[in-house]
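The following block contains the structure, expressed as structure tokens.
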Amino acid sequence: MSAPTDLTATQQIAAVRAGEMTSAELVDAHLARCEDDRWNSYLALNADAARARAREIDAMADKPPLAGVPIAVKDALVTRDLVTTSGSRMLEGFRPLYTATCVARLEEAGAIVVGKTNMDEFAMGSSTENSAYGPTLNPWDTGRVPGGSSGGSASAVAARQAPWSLGSDTGGSIRQPAALCGIVGMKPTYGAVSRYGLIAFASSLDQVGPFARTVADAALLLSYIEGRDPMDSTCVGLREPVCVPTATDLSGVRIGVVEELMGEGTDDGVRAAVREALDRAEHLGATLVPVELPNSRHGLSTYYILAPAECSANLARFDGIRYGHSSADTDNLTEHYERTRAEGFGAEVKRRIMLGTFALASGYYDAYYGQAQRVRTRIAEDFDRAFESVDLIASPTSPSVAFPLASRTDDPMHMYLSDTCTIPISLAGLPSVSIPCGLDAGMPVGLQLSGPAFSENRLFDAAHALEAAIGFDTAPPALEAAA
Amino acid sequence: MPRVIDADVVRHVARLSRLALTDDEVETMRAELSGILDHVDQIQSLDLAGVAPTTHVIHLENVLRTDEPRPSLSPEEALREAPRVAAGGFSVGRMG
Amino acid sequence: MSARAYEAVIGIEIHAQLLTNTKMFCGCALSFGDEPNVHTCPVCLAHPGALPVTNAEAVRLAIIAGHALGCEIPERSTFHRKNYFYPDLPKAYQISQFDEPICGPGRFRYLTEGGEKELGITRAHLEEDAAKLIHVGGDGRRAGAEQSIVDFNRGGTPLLEIVTEPELSDAADAAAFLRQLRLTLVQLGITDGNMEQGSMRADANISIRPAGSTGLGTKTELKNMNSFTFIERGIQAEIARQTAILEAGGTITQETLHYDPVTGEIHSLRSKEEAHDYRYFPEPDLVSVAPDRAWVEELRASLPESPVDRRRRWVADSGLSFEDAEVLAETRELGDYFERVAAVAPAKSAANWVRGELRAQLRERGQEPWESNVTPAALGEIIAMAEAREVSMPNAKAVLAELIANGGDPRAIVEAKGLGAISDEGELEALVDRLIADNPAQVQQLRDGKDKVIGFFVGQAMKATQGRADPGRVGELLRERVRE
């Protein structure tokens, strides 16, 4: 039998239910890997509470559905009494007064939070290098980034420090790190999962979603976190329950291929791996149809107006009065605000706050924010039109594989380009999954499959069929070598 | 729309954002914002007359809460994370 | 140059706290005067990750208010974020409304002694109130305080902000409008309208221009006046200040001002911080409100008669004076009580009795008419008996006192206590003859044309009959006899 940490979440649940393993064993095995955190996946561990909860669940005759299986949670989700920083100095030592709805639902169902994962500060970044607590390293190559902003959640799952985890995705922050770490990452339809307790970056784009090593685990995890929440006005839940996918072929499935994302700007190796995956899809019975999303080329510009604008307001509450960092001994209010925020926020966060404030400022609103909202409409319309003739849309998740640490930190625009493939889908609020589809120079490549709003089940089915056909080994060779 | 990000614009936006910037940071910020806006400005030329702006991607209305009280935090809890507390309240220090 | 050379242009903004159980966007109970920070939660403390959810009752009250203000209720209404940093605003943005308010344009009619007037309502929108700042040390103001602390109990209270068109030119009209607006909202249960506690606040935008011109001068904003009298005086003072500046050849600065009711002076509230740029943008955490049209219509149809409409009707149809109507319309209960009395007695007499004798007698007990033993029917009976001269006025008041103290039926009280007027003409004549015989000096005065002395005789007659004599008839008989 393989090590408990090699098992998928579904297998771990089954093992506990079958009495072959205890929750305490699972929690201990994962915590042992978390405590030896070579990748800096975690910002905080919940060791004592997790062990106590495992013993509790082990003592239950009638076990909750998730049976005491561990989970890692992105530090953007608040957890009562468990330090939550969102990767920022601003929230160093902050102990939330409540738990995010999605985390509370998982705990209720018997999942055990082993720790909080590293991330780009306030989810702003594509490499997890913007964390105030040091970068997370890619388990496939510790000289490279894991992607971001949910880099810690991705590396924790890739490095077997948790069988699955929660991330949040605003412009690609689940899918891109999943691609770069060779695992499955899924962004649900906007409104499927409650944002209550997700520390907001850009409210109209933020969604919580699962990371896992299999599509089935990702679907299972989503089934527990989706659903209406009276605390989030924009949360409607999915229209039908999530089914754990079983599909093995793609007969009759029309897959739209975004040729624009398969050309210039995408690395050859990435393109080759994605092409190969699409060939497999055809073998499984899918029809490939070229689709055009003419406005998607404006996605990045639109996103870098809308998201910073929303963040400039969302992050205004960090003023050092009710919680968080507070500058000492200032003489007046303006100085208090300006110093507190200058000291608490990192460079990327400041940059985006500035950009967003500028885009909303008097005299600039119409040209920037107003215009971007209209482009957003056009981008969403492109997808609507495309889905009249295809069931799913495929593209690379990221134009490149994981890049070396510090290779893009001096060039914000270059870093932003990491999200070219994921951003248009975020702007349209659509569900999208990244599955590993091959390697480019030894580093994983992600295939992004996206569907119409609320088509999660169809998406999981297709991803599941392709996953089996691709047969990607999610175990990073570097991990085995280090072990 | 022609747009120049100069140091004064950066300082004005920094003040609106309540971010203290040193002169060096103003210059770095000016250069970085200009670079980003050079890219972002591509959407300025699009003719979008008659296109409705999108605030929400899903169509939803009338999500309302019934007017029933829910338990509040105890004052101790409410103040627990506050950097400075005085007289049962959140201290702001000297406002000047 | 005379003051008439200029005319004022005044617009009003009113903030009214809504009478809901809970805050605008969270379930914390509303309170006044509790210990600090006992009504807070992650939402109204703006903790990371917390989200607002709109209070349905606030929406309902706003729509009712809109109907009462004669406003359109648009098909769709949205929330915006209004961004500025201040310690009483925990998110550093206020959730308010911008281009799609819950209530669109309307007109509000109000009464003045000079006749009925109308003021355009620009809009009314929902928003959340700020928290309370307490400045410790110094004189209680921000400047010079050792520190300031925040109490978030009030933070997030639902507010309706009503904005009028700049159509007023007179401070007294502004006050009359505000009084009647307040009464309308209070009687509909929309706000408690308590201006001292700040549950209703008014700001005035004031400018002046040469009389007869149509342009607009530079306006100033007079902030947060907490009584109608101060509003009237404040506006007058500001008009005078602006007039003096213009007459001296100066220019008006656009600024925010505070009127000090104690000194009558106006101070600038300009802060050292630069002008605001609120960066309004649509609130992504909330969806739009699109009230069901049938429901909106139902709310309009079930609107009770407004105090202004009542007053107008009482004056036009029932012959009440401007002042009678104003007093009786002060509370819905008093107006209802008056109407029930007026159903069984002449309206004018009913008005006099209710606002006069009844309230005067009840005041000692701290009771209101509708809470007292005096049913409208019983008061109507007293009035009817008095008007028919079945009881004298003093005895009618005595019957009322007995009713207040012990309740009962007015006629039974009259009977039991023998308070009925003397109806036997012979008995009255004999009484008058006896008074003439007993008081020759006063009789002579009467003969000399000193009519005042009749009062003396009436007093004597009342004394002799324990108030049962009809004073009018006593006077008449006296004159007849003396003239003979």
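So that you can tell them apart, the chains are marked A, B and C in the order they are listed, and the count of residues begins at 1 in each.
Everything that follows uses one rule, which is that a contact is a pair of C-beta atoms (placed from the backbone, for glycine too) under 8 Å apart; a residue touches a chain by one contact, two chains touch by 3 or more.
Here the structure is a predicted model, which means the values were calculated and not measured.
Chemist: Nearest chain to the global Cα centroid?
Modeler: B
Chemist: Which of the two pairs, A-B or B-C, is linked by more C-beta contacts?
Modeler: The comparison resolves to A-B.
Chemist: Based only on mean CA positions, could you tell me how far chain A sits from chain C in angstrom?
Modeler: Distance between chain centres, rounded to whole Å: 57 Å.
Chemist: Roughly how far is chain A from chain B, going centre to centre by Cα mean, in whole Å?
Modeler: 23
Chemist: With chain centres taken as the means of their Cα atoms, state the distance from chain B to chain C in Å.
Modeler: Centre-to-centre distance between chain B and chain C: 41 Å.
Chemist: Out of chain B, which residues touch more than one other chain, so two or more?
Modeler: Each of 15-16, 18, 55-56, 60, 63, 65, 73, 78, 90, 92-96 in chain B touches at least two other chains.
Chemist: Show the residues in chain A shared as contacts by 2 or more other chains, in ascending order.
Modeler: 94, 97, 204, 230, 233-234, 312, 316, 319, 321-323, 333-334, 337, 357, 361
Chemist: Do you know which chain C residues sit against two or more other chains?
Modeler: 42, 45, 53-54, 85, 87, 150, 272, 277, 279, 284, 286-287, in rising order.
Chemist: Which chain B residues qualify as touching chain A in the complex?
Modeler: 1, 3, 5, 9-10, 12-21, 29, 32-33, 35-37, 39-44, 46, 48, 51-58, 60, 63, 65, 73, 77-78, 80-84, 90, 92-96
Chemist: Enumerate the contact residues on chain B facing chain C in the complex.
Modeler: Touch list, chain B to chain C: 15-16, 18, 55-56, 60-70, 72-75, 78-79, 86-96.
Chemist: Contact residues on chain A for chain B in the complex?
Modeler: 94-95, 97, 189-191, 204, 230, 233-234, 236, 298, 300-302, 304-305, 312, 316, 319-326, 329-339, 341-342, 345, 350-351, 353-355, 357-358, 361, 364, 367-368, 370-378, 380, 412-413, 416, 427-429, 453
Chemist: If you look only at chain C, which of its residues touch chain A in the complex?
Modeler: Checking each residue of chain C against chain A gives 42, 45-54, 81, 83, 85-87, 90-93, 150, 272-273, 277, 279, 281, 284-287.
Chemist: Residues of chain A touching chain C in their complex?
Modeler: Touch residues, chain A against chain C: 77-78, 84, 86, 91, 94, 96-98, 100, 195-200, 202-204, 230-234, 309-310, 312-313, 316-317, 319, 321-323, 333-334, 337, 357, 360-362, 365, 369.
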